[in-house]
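Okay, so chain A shows up in both of these, paired with chain B first and chain C after.
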Partner chain A sequence: MINFELDDDQKLIRETVAAFAAEQIRPAARAADESGVIPPELVAKGHELGLVRGAIPEAYGGYGDARSAVTGAIVMEELAWGDLAIAVHLLAPRLLVTPLIEAGGAPLQQRWLPPLAQDQFVAATAALNEPRFDFDPAAMKTVARREGQDFVLSGVKCCVPLAQESSALLVYASGGSEGFDAVEGFVIGRETPGLEISPREENMGLKGVATYTLTLNDCRVDRSARLGGESGLNFTRLLSESRVAIAAMAVGVARAAFEYARDYARERKAFGVPIATKQAIAFMLAEMAIEIDAARLLVWEAAARLDKGENGLKESYQARNYAAQAALTVTDNAVQVLGGHGYIREHPVEMWLRNARGFAVLEGLATV
Partner chain B sequence: MKILVPVKRVPDPATTIRVAPDGAGIATDNVKWVINPFDEIAIEEALRIKEKQGQGEVVLIAVGQQSWQEQLRTGLAMGADRAILVRSDAPLDPLAIARVIAKVAENEKPELIIIGKQAIDDDSNQVGQMIAEMLGWPQATFASKIELNGDRCSVVREVDGGLATVAFPLPAVVTTDLRLNEPRYASLPGIMKARKKPLNEIAVDSLGVDLTPKLKIKVLKTPEKRQAGRKLGSVQELVAALHNEAKVI
Partner chain C sequence: MIDFELEPQVVNQLKMYHLAAAQLMRPISREFDEREHSEPRAFWEAMWTASQNLGEPADAKPRAGEGASRLRNLNTCLSVEELCWGDAGLFLSIPGGGLGGAAVAAAGTAEQRERFLRRFREGQPKWGAMAITEPGCGSDSAAITTTATRDGDHWVINGTKIFCTAGQMAAEKSEGFVVVWATVDRQAGRAGIKPFVVEHHTPGMTVVRVENKLGIRASDTAMIVFENCRVPADHLLGSAEVKRDGGFKDVMATFDATRPIVAAMAIGVGRAALDFVRDFLAQNNIPVRYGISPRRLTALERDFMEMEVQLKAARLLTWRAAWMLDMGKRNNLEASMAKAKAGKAVTQITQKAVELLGPVGYSRKELVEKWMRDAKINDIFEGTQQINLMIVARRILDYSSRELN
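== the complex of A and B ==
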């Protein structure tokens, strides 16, 4: 019943993405964090891996791979191990692509998927998060009001990656009542009247990737922009897919910090012996390793449920919650293992700690 | 153009190598296996030639165990069209490997064989040269640039003290050096597609070539640990040490 062995394709995918993360992403991470810019050449190379095009059906110019949440989780972990900001940038178009494939309906797919299936990276995104301490995807304050044949969107969204660069944005809004069933999605162009995109947000972490606040001032959208047409969408599943992706990325960031701290502790000597041999450090490293593996198991279970066709609401929520906390604990401990060195920017652990803080507050940053 | 690329499975260059307890080889537990990096460059070059010409076929060949399929699949995921695994469970000498590949090449009739200049495990640097000799084809080793013009090929070779350019007619054998290109990453769709590409297995015995070993590894040893250097007080002491201890002057 339970088998944790990756299949041959998954092994090769993991190896390939891991090599890309180590050779291309990781060396660019610090500069992206400092400058806020991810080199276009790196984005182009990342796009060549087929992270976006692979998911798009052949009929719309993609490669039409069978999508798998488990494989997606493996890819997300490796990319985020390289760098979270670069991973979020490379995967942002998936925030539109995945919901379109799952719930879009042919006319919306025909309109928006082909441009994203090109050789060049084309930005696209989705707006889910809202700037409130009690943000709850089941009770969004952004609302979609019916007016005749149209819908009118109003509300504020934040932490929307690449919003300014995207020609198409997916906006999630409440159709009125509370609950996941009431959530609607609308694919709108950037030029939609009433849509206001803020200047780039200044964030604590994830500084490499551009994120924006969107204000929807009674944006009137045609009903054809509604995800799933008249029948609407299965938001629970989309939310679960997003949570699994975020959780997998949290595992990747935590693993990066753990491995760095472990290697440092083996090298760094105090009183003539590596500090890894001191119990205070060794116990901390052991706890970090356990947290990472535990989080990954939750991610894989949730992903496996999605692959079985279930909504996986409980499992993906648990995975996200646990992985977000684990990432914070592990990156915090990594700073501690490095001591004073952990606090200076010469080492990446402080950056990983800042990035990891986002997992607990951000929804909808990625999807499997 | 049909291009044949021989591929060897080797330990990842980043792996720490340990000698097996019996001294006859390396300990293979926990070793990550990859395509020989020079062969990876050969695959990349073959793919670029095919892409530039807009047509052609890139065929991979490996001579080894069942597990070597993994490296062939990786090459297929990079973009090669099909692969041949000549199954041999016993390790073979470079000479036997060259005989097997030359034999398969007689059937496949490629116009070009591109192969790594050497494998990073035993560093023999022999197979490419021997294949060319067996087939009676021209060879260009240590290529840092390959240009094709009709049925002729020109190769810039990295030699001691500079670069040498050689030109010759096809079919031919070219061995790759490090600076020829930077191999691509397999794309995720490429990996999924690789499963559907043909990978044919041939038993090595069915080829009727002489596989008799000519080489025997007697013993492998880890190099002795280098001793720390020491500081000398004067030039006189240095000269004395070089003369009396090192006996080099």
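== the complex of A and C ==
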């Protein structure tokens, strides 16, 4: 039956993560953007929230929490509200954990999950995006060629968070033909021969988190590294989970910018009155609020489908595209509401605009 | 727990409404658009009979406090979407309490609700209407100049009302009523504005004009003049006492319930256009590819996807606003969000549909051009786009109407 209310657990989770985002993440956001460094103490504290360990089965040292895309979306929104780069850093290991839980098969899970379930944050990641304007997950240029018992991976991946720091990386590649069914995943070690990791990428936004370009020069991997073993993986679902996560983060960034602009507009005076009392500003804020709520509902709708076991390809695609556009529009409007001050790095809105531009561009940056 | 799935019995009920829309409305849609001011009597009879059999009010509009189902307002929005997918003008013309009924439900006492609304559950088709807008004030409904003056055990109403949906049917062509908003105390401003039920054929109430419109032509839009129109004292809905935030709050309470419905109307029209375009693309073997890189989509695919997701976004906001009302939560902000979003989105969706279809869309052989004309009203009545943005802005900024106007 239709219901728009979070359950009690979700409310508690949201409160907890929101408090962490406000008290720990937000104050560190600007410094991370400027310096490119996220303090290890912050990462350690974030890890204590169970963002990575939560979903790992107890058998492998995790908490074995029930997984829910809706709950995940709520967590993502709050973390990204704090700061997108820090959120992506904290969540990067999930890029490996979620596919392993969904499709890994016991041997791969046995090997890679226990290290990630530890008390300390251990980096892990996945490589999906490719450095092309028309990157399409259904038509990847990175390919996996079968050679006897092995697979040989070749291609270039980009925007891979924490690749240099990770001991294990999940690489998505096309098994040959086009389409989502042809996509394969391989969990490879950092030291795999032929794997080349670039110096840190320099991007417009997301500057706090280290991302890298990976070049796979005929990397030979054992077939045991193949996600899902002989049966392969449900890539459509993994992609949808990733898109829902990105969409939820877009909502978080948009909300951060909206709230900042709203509060600024109530304080800032022009012509003797707060600028928020002028319709030109008030209507912008109203439209921002509407778009944020609309985007969030689309995210939740897609997430609810995933929780019912559907692949949610269309819905998560809709949510991602809509939320990405909403985030861009809202952050741009936030800069506009602040006027010249919005353009100055003393205020965070310019950073949120730079970060928001990434949502339509980046695939596979996070997952629920 | 978050859930977007309709219950099976609701889905079944919607199939029935869809059938009615497809079989009773679509076939006469063009005819009553072209023959404005003529009466689709057979359609009205069918809808009235169906509603009597269902034990539901014919127009499926809400009556707070009379709810049988827990999600009454939400279910209403769902059925309204189906019927307006059929034809928004015909939907508005369906006999029933209409906005007048909604006003009685929102502002009346239990006794008044029973006394005035009972008629919609028995006998011949009847209409209720609401008269609030005046020639000199629309969005600024607090500036109403129509007066109600006490004279013994009656109120005497004087003034002119316009844009009164189903006004002619309610006032002169059935045993219905018009709810008139009038001020009992000009000095008191908003607090002095009160709703009065004026029964059909009451002396002093005259329909002087029925408007010619861009769209929703099957629905009559009346100008009504009240000239020393006397109504019994107990026709004032709720309390006669003039207190701060009193009278106008009732108007607002009505809007909180009706705005999601108008949003649902818009969504029905938008869905009609979207379905038409989807079928058209399919017939012409033009694929819409979900999931691929947005940079590889054609302009047509992008346009179609944008129409589709905008409609969905509007629908989700609308469902939320209606659901909140059902849960007894204050939905003033969310109702205006839904109305603002749906009105604008559907205006754009239907305009884009005409564009995408080219001469087919522009031709009166198809209904797409009609839907574009019909859609526009949803961005205007029950609070224009701008008024709803204003309400949203006040809520999110925590400003009163004096601080932000």
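The rule is short, and it goes like this: the second predicted complex is superposed on the first by the 368 of 368 C-alpha atoms of A that agree within 3 Å, B and C clash if a C-alpha of one lies under 4 Å from a C-alpha of the other, contacts with A are read in each partner's own complex, and residues count from 1 in each chain.
The criterion applied here is as follows: a contact is a pair of C-beta atoms (placed from the backbone, for glycine too) under 8 Å apart; a residue touches a chain by one contact, two chains touch by 3 or more.
The model shown is predicted, which means the values in this text are computed figures rather than measured ones.
K.L.:
Between chain B (first) and chain C (second), which, if any, makes contact with A:Thr16: first, second, both or neither?
P.N.:
In the superposition, A:Thr16 contacts chain B only.
K.L.:
Between chain B and chain C, whom does A:Glu310 touch in the aligned arrangement: first, second, both, or neither?
P.N.:
neither
K.L.:
In the superposed arrangement, does A:Trp300 touch chain B (first), chain C (second), both or neither?
P.N.:
So A:Trp300 only meets chain C here.
K.L.:
By the touch definition at the top of the document, which applies to A:Glu102: first (chain B), second (chain C), both, or neither?
P.N.:
neither
K.L.:
Taking the superposition as given, does A:Ile290 touch the first partner, chain B, the second, chain C, both, or neither?
P.N.:
The second partner, chain C, only.
K.L.:
Indicate the residue numbers of chain A shared between its chain B interface and its chain C interface, in ascending order.
P.N.:
Looking at chain A, the two contact sets are disjoint.
K.L.:
In the complex of these two chains, what residues of chain A are touching chain C?
P.N.:
Touching chain C: residues 1-7, 10, 70, 133-139, 180, 236, 239, 262, 265-266, 276-277, 279, 282-283, 285-287, 289-290, 293-295, 297-298, 300-301, 303-304, 308, 313-314, 317-318, 321-322, 360 of chain A.
K.L.:
Going by the contact rule at the top, pick out the chain B residues touching chain A in the complex.
P.N.:
Contacts found on chain B: 70, 73-74, 77, 184-195.
K.L.:
Provide the residue numbers of chain A that touch chain B in the complex, in ascending order.
P.N.:
Those in contact with chain B are residues 8-9, 12-13, 16-17, 19-20, 45, 48-51, 53-54, 63, 65-66, 75.
K.L.:
Show me the residue ranges of chain C that touch chain A in the complex, using the header's touch definition.
P.N.:
Those in contact with chain A are residues 1-7, 71, 74, 290-296, 305, 308-309, 312-314, 316-317, 319-320, 323-324, 327, 334, 337, 340-341, 386, 389-390, 392-393, 396-397, 399, 403-404.
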